[in-house]
């Protein structure tokens, strides 16, 4: 395998770039227009979301900046009352859909990334420990994972959401909603990472380079962190990418079920849920544009993940 | 001289790669005669397995035969359509792979696999096929064959499985068996048994064998003739005694010298410096020239083809004048 | 074999116990159960009495055992929202969910395996590429959106299929009515089961494909080819069976999650199953229902897993260790 | 310590618990089952010599290697290095002891971390044992080491996958050397390599032994390699040491029937005309090994005593042999 | 003709006295009869009573009962059943008991005459009886349902899923939240009097708005009760569907806790901004009700100035006139009150109770924001909302109010009188006005209608000048029916299906 790992020494930076451009992975990448498109699209959505405050023509999250009379303006057509024109129209509150999508994608991505990071860190840590230590620690962690696995993500998320919601005082719920969401999605997803990392760790720890390190009296902690971790990151990267798409979709599903982020700070899912009510009434743009954004985002992330999985699989090379 | 059973002519196998095409086999030419065992030796990556795969038509894409011909008796087989080639496989040419542990389908019984193979190639009733299967197992030395035939592969030990594999290869009574390192995964003691079975079966059935191996010991013991491969080419072909006792190509000489001897004590082994080049960095001229102690200018510029000498065939400019 | 079964059952019981504990703690931690039961007007004394009557003053372990005891007998108390015994409500609604899950499951598994095998065998065919690409769309669209789109197209615009409910049902037993015996029942099933099954279908399909490709690369397949075994036999006798082994586990898990994902589908299609009730229970913090549902889902999973294990055992000869293999 | 003795292995045993899960045992009424990987093995290695272990697959060679470098712990028995046991020392002494015993592994592809640069790989022991100060010094050391094993200093910036198997094994050797060990355990260091490369590595190992005065425990299943490398050879069968003798002696006058069988099974690659003898049977399962002498089912000299009593170790011509037939002179000593 | 009827929610129970709940009554009206009911025009019509009047004793009402009425099971209807039903409705388990809390005795004078005695003159008693259904005494006793279902403890009695009424339809199958089936009662006393063209009713609750609309659009439903406002256009554009609409008896408004020392959710400490009328007024004029009507409600609402729709006694167009929206003035008022920089507060809102409730709240949040009041919106399920509201825990909340007795006193009693155990049950504003209280309390016993109306007018004046609540709009009811159906909307949202006919 020739994919690159970030290396501590700064002097190799330039070499690194060269290596990336020269790697099989990049070569494969450069030959697949769809993957390139996905990467560009993903990057574009991420950047647009990150710089939403500078790009978006309106601040959709500030209710006092909205003019209700702008509501239900169709895309690229003047509003009947105010005459304002919006690129993608407005929703029932007069919120500019385009801006709302940018801000919504921001929340969706934030939740997605944070949930994946949370799940990955938890899963990797537990997986490493379980795989490396073995014995009852392993049994315990994996049993917990099994139990958790007998509940589908959506149910775990709903449950955690339900519990935290009743534990948090209601006036804090709105601020907490996003963290609760991250927690719910993250906790529902760590098992995958743990299992993958554990099995990779089991394979790696018996590799002779790890045994060699033990001969030098390197501590278990260091062995896990410096030796094993980098070598199990490949599959984690793949799961993470696909997990990101899943997390974004799960977030939107939870929001659709009405247990996600509040409508005043809509994520893509909330936008779709809200817009969903207007699907039959002719205001298709309210749900269509966020829907397309979600689809494109999830699709390109999925495509990237899929490609990455194949590309990193040495047997498929 | 009898007609060769198999003749490979200027076989070229290529792998399209990012920028170039890798030439993994480069104008390989050799013959196998009925009933003989031809050994193939060479370092890892020299192209031994590829030669076998190309003959039986199981090159894995994107690898493909780019040039050359393969003849099985009167039939040219390198360009056969899939179905015709399939009929040929197992019936006229069989193949044995290195790892007996993974060569058998784990969820089918030995009987299932043997009977299916038999019935694919021979018009046998279920009962006859089963009888024949038991007989085959018996022949390759599986004790209590009629009882064990309904077992699953995991119920056999490594050596036993390799016998089953041989029985499977022999099921269609092929004219040629390509055995790709049939003993590498086995212990020395079992190794000898397997080679014995193989030799005996070939003798009994008159089958020719192309025996791919790393192991000079196996070659010396089992083969009639030996082909030495280096970097996708055949460096030398000759009678086994000649290759072992009196190698001509500097590479073969080095190879022979680097094997620790059991009979005499040497302080240092002969060693060939460096290593075999990768396919993407094969030097111009003779591929061996950078490592060769006897190389001269021509070696760097011109690639030698097999030259017939008194003793055998060798691809080395040293013997250019000697061709007979 | 028996040992494995017993171990699995013990494990399953452990899982159920853990889940029971989670369910039980819902009662304990999510608000005072008393508050959930009596009206605002109830006096302090009434409350104290009720506490006593319900045994809420007993030590937690005792309460837990009582909870487990009740749960085993199917007693989960009264739903706060529906004011009916939870077990009754569930018994009434479960057939609808199970029917939906079953049909989606069969759809997902049969099509998933079929398409997976097809795309693996025709790796480079345009149809395979098409199926693979569209399958990605399947996993990139949230289920609810798919449902809504299906309704829009097939119910509203084309008016071919009903948009909600189960259609005509036939009462089979007192608690079990089925839509599988009427035409309108089947028509009503189509859209929801597609919506529900699509995600699992794509997942299974991709899994089967990957697994099949992996199997097709193995030595024993190569060896089978080298023996001239017919293509058909290689694909469907040698490769498929080996492919399906690891798929069994995943398929089992998927079947379980279909029941859980029914939550969304039931919401969209107004399918009168337990999922619809659960989502309402969450919103209304209807703890008795939530905990019963949790246990139910866990039970379903545990049973499916048990079946999967047995199936594995039946299919994979390697697990059937015989005396002979020990003496090698 | 200035005695010749460097490593002393006393009555070493190692069992692995391979029992089925508790419940299965309960139901199927099976006892706990142990796999005896190493069974009461003793041997000594002198300073500067090469001691070889040979035996079929599964005979316990690797297990002994791992026991000696303390990667796994023995069930019983002792391993003394310069009179000290790794298991019983602590602190600085432990660290020094640890450093002095290093190992070279079989698989050159798995023994180097694919994500690390060669330089970092070789520097790891240097850092771990604090053998050099400062980045510069470390780097210099790495360069010297690479040079010693026949690679170039520039190679330290490359990754393992850029090297061939033989080169990787050189890197692995450089890494082992960087700890400045006295004693190297080499577990089949060349069995994954081609013969021509094997020759290079074997030569390199001999050179290094001469240069640094290293002591080797050399493990191989290839008798010709062992003959070339070792001063003394121990033959393992099912975890027990059946014969331990001087290399020349072993090849000239193998005392144990198993040793003879092994020697007979070596193919005659030199075509010296030696007939290879058919080997019978396969190695039995180490979980329930045969009673008495574990070799008796394959032994042509076995009698009822062999099937019942474990043979004791006795000495013939400087060889330590555990065989009833040889002890009772039922075998004609000839070659 | 089968009628497929869909609504958002289902009847909670068929026990007619267990729950005082709109949809439960709406369904029950098909099966049971009260003494008096409201017809499609919200006019009182004789049900099981043919006439009613106050006797010489102003505390006693006399009801003359209909002759020849039979329950579905064939038993004849008599005054005993009325007495029984009133007693049943007064049981502590009954949710209907508050409506007849003034009743002290119900006597059967003869088989077709009933006397109802109240604890004082109760001119509006008939208004309170329109949802009080009469059950068969014999049937109840036979089936052990003489006491109403104890709903909150989850009791399930025979009457919950079975019904034996005197109504135009009889219940034949019941699957709560899924499907309820009724068939025409050909023995109904009103046969011939009403169209009664439906032979079978299938009622299906559909929670999700989009699905509900889709069901109507796809022709799977003949009569849709809770039409999502956003889909009205689409539905009315469909040639197969007819929209029916009428003002509903429900007003949506916002309440503010003005009695507390300090708000819970505000950044202002030590004082309560809502206590200042100028602040309330500022909020009142900051809200653009017309915009809400046009955009959020898509014209399916009537902007309101008071908490009572037009058909309620005491309503006037002046009182109900909508204040001019004026953000600048609002800012000025806030500044005058000392909140030039505005303040923070949380608005608590339902998201599943009223038409577009959450969207209304969002809109108001924005509008108040423009005036400088920084409102944080907390939208949740109505069950939680009402629980917290009734515990008096909310600073600023949404509420909708219907006036079934069609008299202002009902509004005063519940929403405006000072909160005591007996009065001001839903007054969570902390507002208290002595004059108002005395006016309101004198209303029930005021028998001079002119005097009474004057008092009502004065009371409204006080309320309006103090800006106690912020009324938003009166809801408009929308029903959708298949275009070949002839029907009309009833403001109580109680479809009396016996009136429905097909073209």
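Each chain carries a letter (A, B, C, D and E) given by its place in the written order, and its residues are counted from 1.
Please note the rule applied: contacts are C-beta pairs under 8 Å (C-beta built on N, C-alpha and C of every residue); 3 or more make two chains touch, one makes a residue touch a chain.
As the structure is a computational prediction, the values presented were derived from the model and not from experiment.
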Message: Which chains sit in contact with both members of the pair chain D and chain E?
response: A, C
- line: Higher number of C-beta pairs in contact (C-D or A-C) found for A-C
Query: If you average the CA atoms of chain B and of chain C, how far apart do the two points sit, in angstrom?
result: 53
Query: If you average the CA atoms of chain C and of chain E, how many Å lie between those two points?
result: 41
Message: Between chain A and chain E, what distance separates the C-alpha centroids? Give it in angstrom.
response: 46
- line: Distance in whole angstrom between the CA centres of chain A and chain D is 50
Message: If I count partner chains per residue in chain E, which residues reach a count of at least 2?
response: 210, 214, 217, 384
- request: Identify all positions of chain A at which a residue touches two or more other chains, and write them in rising order.
  value: 258, 276, 279-280
Message: Residues touching two or more other chains, restricted to chain B: which are they?
response: 157
Message: Going by the touch rule stated at the top, which chains touch which?
response: A-C, A-D, A-E, B-C, B-D, C-D, C-E
Query: Along chain B, where are the residues that touch chain D in the complex?
result: 43-44, 157, 159, 187-193, 195-196, 214-221, 240-241, 244-245, 254-255, 257-263, 266-273, 275-276
Field: Residues of chain A defined as touching chain D within the complex
entry: 1-2, 5, 7, 12, 15, 207-209, 211-218, 227, 230-231
Message: Which residues of chain E touch chain A once you look at their complex with the stated criterion?
response: 209-210, 213-214, 217, 228, 230-234, 264-265, 288, 291-292, 294-296, 346, 351, 356, 358-359, 362-363, 365-370, 374-380, 384, 388
Chain D - residues contacting chain C, complex: 20-21, 23-24, 26-28, 282, 284-285
Message: Can you tell me which positions in chain A touch chain E when the two form their complex?
response: 62-66, 68-69, 71-72, 81, 92-94, 170-171, 173-174, 258, 262-264, 276-283
